[in-house]
Structure formats: structure tokens, C-alpha cells
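Every chain is named by a letter (A, B, C and D) in the order it is written, and numbering of its residues begins at 1.
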Amino acid sequence: MKLRDAPPLETLCWLNSRSDITLEQLRGKVVMIEAFQMLCPGCVSHGLPQAMRVAETFSPDDVVVLGLHTVFEHHEAQGTRAALEAFLHEYRVKFPVGIDQPSGKGGAPRTMTAYRMQGTPTQILIDRQGKLRKQHFGAEDDLALGAQIMSLLREGDIEAAHAAGKTNTQGENCDENGCRLEP
Amino acid sequence: MKLRDAPPLETLCWLNSRSDITLEQLRGKVVMIEAFQMLCPGCVSHGLPQAMRVAETFSPDDVVVLGLHTVFEHHEAQGTRAALEAFLHEYRVKFPVGIDQPSGKGGAPRTMTAYRMQGTPTQILIDRQGKLRKQHFGAEDDLALGAQIMSLLREGDIEAAHAAGKTNTQGENCDENGCRLEP
Amino acid sequence: MKLRDAPPLETLCWLNSRSDITLEQLRGKVVMIEAFQMLCPGCVSHGLPQAMRVAETFSPDDVVVLGLHTVFEHHEAQGTRAALEAFLHEYRVKFPVGIDQPSGKGGAPRTMTAYRMQGTPTQILIDRQGKLRKQHFGAEDDLALGAQIMSLLREGDIEAAHAAGKTNTQGENCDENGCRLEP
Amino acid sequence: MKLRDAPPLETLCWLNSRSDITLEQLRGKVVMIEAFQMLCPGCVSHGLPQAMRVAETFSPDDVVVLGLHTVFEHHEAQGTRAALEAFLHEYRVKFPVGIDQPSGKGGAPRTMTAYRMQGTPTQILIDRQGKLRKQHFGAEDDLALGAQIMSLLREGDIEAAHAAGKTNTQGENCDENGCRLEP
């Protein structure tokens, strides 16, 4: 399988962030994107709470959690920035949330289309090199998600081990990474 | 921190297994041990269901889940093999469960003492080399546990990368391990 | 304690209903009103699901469940009829929902003020005579709520027994009402 | 429908009670019996916690909650008094629990047979006159159960109203019973 670059995020603006966010800036970190709509019950009950747990469990130096408001229905009801701001405030969502750029013709917005998402919630994992590694529509188990994120985090370590060419023993390596094991 | 070998399992017998199980046999795999008592509410509501989820989420070629019945109170009530067999049957616990060897003087049984466990449920993670890597009394989040298990699984890959001395690129490596990402 | 009449519902319009609803029309039935805001997390996770369970558990001949959208904050985000319609559609709320009449000065709307509600969710129970019998801000247990509703339902039976002046025996009375016991 | 008397409780002994308990003693109160087995997962996860909520929600002057340990399988594992005592201690069950009298031939014990129960958990409601009013195998909603219990409680009030022959008005009656509405 040839890995493909994660498409760029085309957004109207970002909330919970002082400046716009691009995937390029985040190279070197694992990125999880939670695509949601504020009036999507599955997003409110499962997707967003899980994304908040990910943001609490992993260090922001390792894993960056982003929300993406991909409005593809009820544009009038949930399409305003004010509505989303109120929603994020009430649900105590602290991570940055981008508003996906409307297509101008109704229907799915641009980033949603570029990723060919099937609906909301959709969970996306991007590795340290900016490659799209997972895209999942619907609910995902915490146990599997935790494993997937750590697998991507550890790839960097493997790369570093190769690059360094050191005869690093397991025992020494473990000590340095002990904190990562117990988030 | 110097890693120590996980103490051997001293058991009276094993249920859900045709033969006795030793940690030596399991070298090369990550082992999770769920120490529990059948009359411990936290074990029944959290610990055992989580261990069952781990057994379903990871391949048995990678992660072995074991139960350990560490009776340290109510010996008369929960100390018989018949009681435990009935319990495992009713709660549909399918993984092997060892009965921790009683001390002969009441109180904590032998493996529980060797590991210096504080109570039940206690969750133990042992790495591919048989080293004790985590011991946790009480409830643990699925997200963190999934990450911890994958971190131990990936250590073997790092070791293999070192041993092989190959200039394995990230892209190639990912393809081969893609299945592991989506358990 | 002197019981007071439940204040009239002052609404902009009603959704999920062909015509406007007044408490006068509902005399003879027990009425439960769930006052909520679409961007109130406690309303979405507890209040509205409970109101939906009440509507499913009791016969509409006995108990009428109404929603009241009492917007007292984030007026711009949740103050439009379109937003509420989309919300009710997505969350499958089928019972009638009135939009509380804005005060015209921001802040709490008129019905909310007339009832002196403290916030959302607020649960209101009105008896068969239109008297306000319970007003509760926050979460309520299902067990207690089921008992409260049945207590109000049974008052009518007591009244009827008095009015009839019959020497109705318990045994006979029970047979007739047996179905009410198993909603 | 002719109501039948609830069969007497045939028990080996009672735990959480200084003396044996008979249904005759409880005339005038509503009685809820939770028949369970300590190794029945549905009893542990749903039946017993619900019975504990009932005991907390209603006044013991109105509603008496009893457990009945109806062992019909795994007799060796859960058939001893010591095992049940340990179980009740660990799960913090405070209400009286009778051990159903074994038949002497294995299989269902005597009270379970007399009530023709289908399994565990089984929930039984007995009215103030000692009549069997509900018997339910499996899980029951809190909302419906709360309503059923209050319906039985209110029957006594209707009887009292008839007996008194007073021209009691609804308003006055409600005041006196206001506390009952908010358990």
C-alpha cells in the first residue's frame, strides 16, 4: 500500500486558536482530527468526548487533537460561527476547531470532500510525516484507538533508531520512554 | 530505572487451559495479567470486562491475557475451584485463569505477595523479554491501556530493526505493519 | 401549603404540533414540561432522554409530555426556529416543543420568568387540575420521577372515588386498574 | 382478574436481619422481593443495584425491599451461607436477604417453585393486603417500576378515603401528601 499525503485543511477560520493551523506546521507530531457537526448526536455523545480524552491522555508534544466542523446538513442551523462558539463553550471543548470551508453550493464542505468522508463523526489519524494513516466513520473503541495512536508515535522511534544506527538496548531505551507508557 | 524480571506465577491449577502456564513459555509476547477476586465488585464491573476487551482487540500472537484469582479475603466463600469455575462460566471469561497458590496461613496468596500487590483488581503488563513493565491497582482507562500495550509491542520492532541493521524506511515498514494498526 | 395554578405557557410557536398548545386544553391529564436549551449539555444527555422515556412509558391519555425551549443565553446561536427544528429532527424528539417567548430585552424568556426557573434542564409536573406540583432544576432519578407521576395520576382516582361515593373495595378497584400498573 | 395471595417465603435463614421475616408481618406495606443468585451477572449488574435504589428512594414505612437467594444452579459454588454473607458484604447490600429453602433434590428451591419463577433476576411486588401484584423475570425500567410501586402505595389511600367517607377535597389531600411526591 502506498501511503498518501493527508489533504490540506481548507478552513474558514479557527476557534480555540490564536492563528490558523496547517498540517505542515504539525510535521513531527501525530495528528488526530475529529470531524463533527454540532447537531450530530453521535458526535456529541461519542466522538467529541473521545477526542477530549485523547487530548488529556497524550502529551501535546506527541499528539495534536484538532476538531473540524464539517457542516453538510442544516446549514442554516449550525453554519454560523456564533453557534459553534457557543457549542464549544458549553461542551468545554478546548482543542482548536476549524470550520470547514463551505463549497458555496450547499452539501459537503471542501475538506470533507477532499478526504471523501462518509459522514460525521469521522476520525482521522495522520502520522509524523503527514501521511493519512486512518480514517474511520462512526464510533471507535478507546482500546483500539489508544493502540493506533501509540503505534504511530513509536514509528518515529524506530526511524530515529535506524537513523542513529546506535546499538541501543531495549533496557536503556525503555527507561527513557517510561513516562510515555504511563500517560 | 533497572527493569526487573516478572516473578514466576505460583498457581494451584489453571482453568480454561489444558495445561499449566508459565511466563517462560510466553517469552516473545506481551502478557497482561488481571489479578482479581470473584467477590470483588470493581473486578466484576471494570477489571475483568476490560481484560476481555483486550483479549478481543489484540491478536493472541501478540498479546496474551491471563487471569489470576488472588483470594486474600473470604477464603471460605471464594476459595474453591468449583466456585471459580461457576463464576467464569457465568461471566463468560474465556482466557486462562490461574488460582494463586494459598500461603497456607490465610491472607494473601503467594504470587500476590511476590508481586507486592495492594489489592484487586491489579493489572500487570510484562514485556516480550519477561520484564515487569506495569503494575496498577484499581481502574485504568482503555485509551491509556491500549497505548501502553502497543508501546510494548512496538519495542520488539525497534529491537528487530536494530538487530537487522537494515535501513528500513518508514513507508515500507508501515505497509507491513498496517494490520496491527487496525485491530 | 396552598397549591398554585401553573402559569400559562407564553410561546412564540410550537414545533411537532399542528396547533398551539395551552395548559387549559390539557386539564384532566398530568402534564410534564421539560424546559431545555439545545446547547445545554445536561439537557441533551439527561433531561431530554428522560422526557422521551416518560413519553414512551405512560399512555398519552394519562400523561402529556411537552418540551419548552427556554433560551436565556447564546440567543444568536440557538434562538432561531430553524436551529431548533434541526436539533429536534437529529435527536428524534417527537413530543411538542414550544419556543418560550423572548422577553425582548435578552435574558430569560417569559414563561421561564413566570415560573421563576433557575436554569435548564428544569422539569415541571402539573396535576389534572392544572396545579403546579413539582419544579426541579437539574437531574432527577427515573425511579423517583416514575413514582411522582403515578402519584399524580392516582389522585384523580381518589377524587373519582370520593365523588362517586361508592363503597368500592380495594380488590375490585385493583382489577380495573391492573393494566395501569404495567405500562 | 382474581388476585391471589403471595405464597409464603420458605427460607433456610435470613441475613441482614435479626429475626426471620414473614409476609404476614409486612401487611400494610408494599413489599418488593428481588430474587437473585450471587453468580448471576444480570442480578449483579441490574437487579440488585435497582433494588438498592428502591430501598433508598422510598420510605421503609411504605416500601419494604427484600432479597431472596434462589440458588437453582452451581449449588456447590454459591450454596453456602458464608459465600452469600461475603457477597452481601462486598456489594454493600443492606436489606434483609433470605436463603430460599433448597428442595433437597437439587434444582429450584421451594419459594422459587411456589412462585413459578422462570429464572433470576425476578422482581416481585406484593400489595398492602399481601396479594401478588407483579412478577417480572429480567430487567425492568426504573421509570415503570417507580410508577408501579407508587400505584400500589396509593391504593391504600383510596381505601382509606372510602373508609373515612370524608368529602376530602383534592387540594387539601394533596397538601398532606406533598412529601410523598418528593421521595
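Here is the rule we go by: contacts are C-beta pairs under 8 Å (C-beta built on N, C-alpha and C of every residue); 3 or more make two chains touch, one makes a residue touch a chain.
Since this is a predicted model, take the numbers as computed values, not measurements.
Participant: State the smallest step count from chain B to chain C, taking one step as a move to a touching chain.
Facilitator: Each step joins two touching chains, and the minimum needed here is 2.
Participant: For chain B and chain D, which third chains touch each of them?
Facilitator: Output, common partners of chain B and chain D: nil, no chain qualifies.
Participant: With centres defined by CA atoms only, which chain is the most remote from chain D?
Facilitator: A
Participant: Centroid of chain A to centroid of chain C, CA atoms only: how many Å?
Facilitator: From the centre of chain A to the centre of chain C is 41 Å.
Participant: Could you tell me the distance, in whole angstrom, between the mean C-alpha positions of chain A and chain D?
Facilitator: 51
Participant: Could you state the distance in Å from the CA-based centre of chain A to that of chain B?
Facilitator: 31
Participant: For chain A, jot down the residues that touch at least 2 other chains.
Facilitator: none
Participant: By the touch definition up top, name every chain pair that qualifies.
Facilitator: Listed in label order, the chain pairs in contact are A-B, A-C, B-D, C-D.
Participant: Considering the complex alone, what residue numbers of chain D touch chain B?
Facilitator: 39-41, 44-45, 73-74, 76-78, 80, 82-87, 89-91
Participant: Where on chain D does chain C make contact in their complex?
Facilitator: Result: residues 1-3, 50, 53-54, 57-58, 127, 129, 131, 133-134, 141-155, 157-159, 161-162, 166-168, 170-171, 173-175, 177-178, 180-183 of chain D touch chain C.
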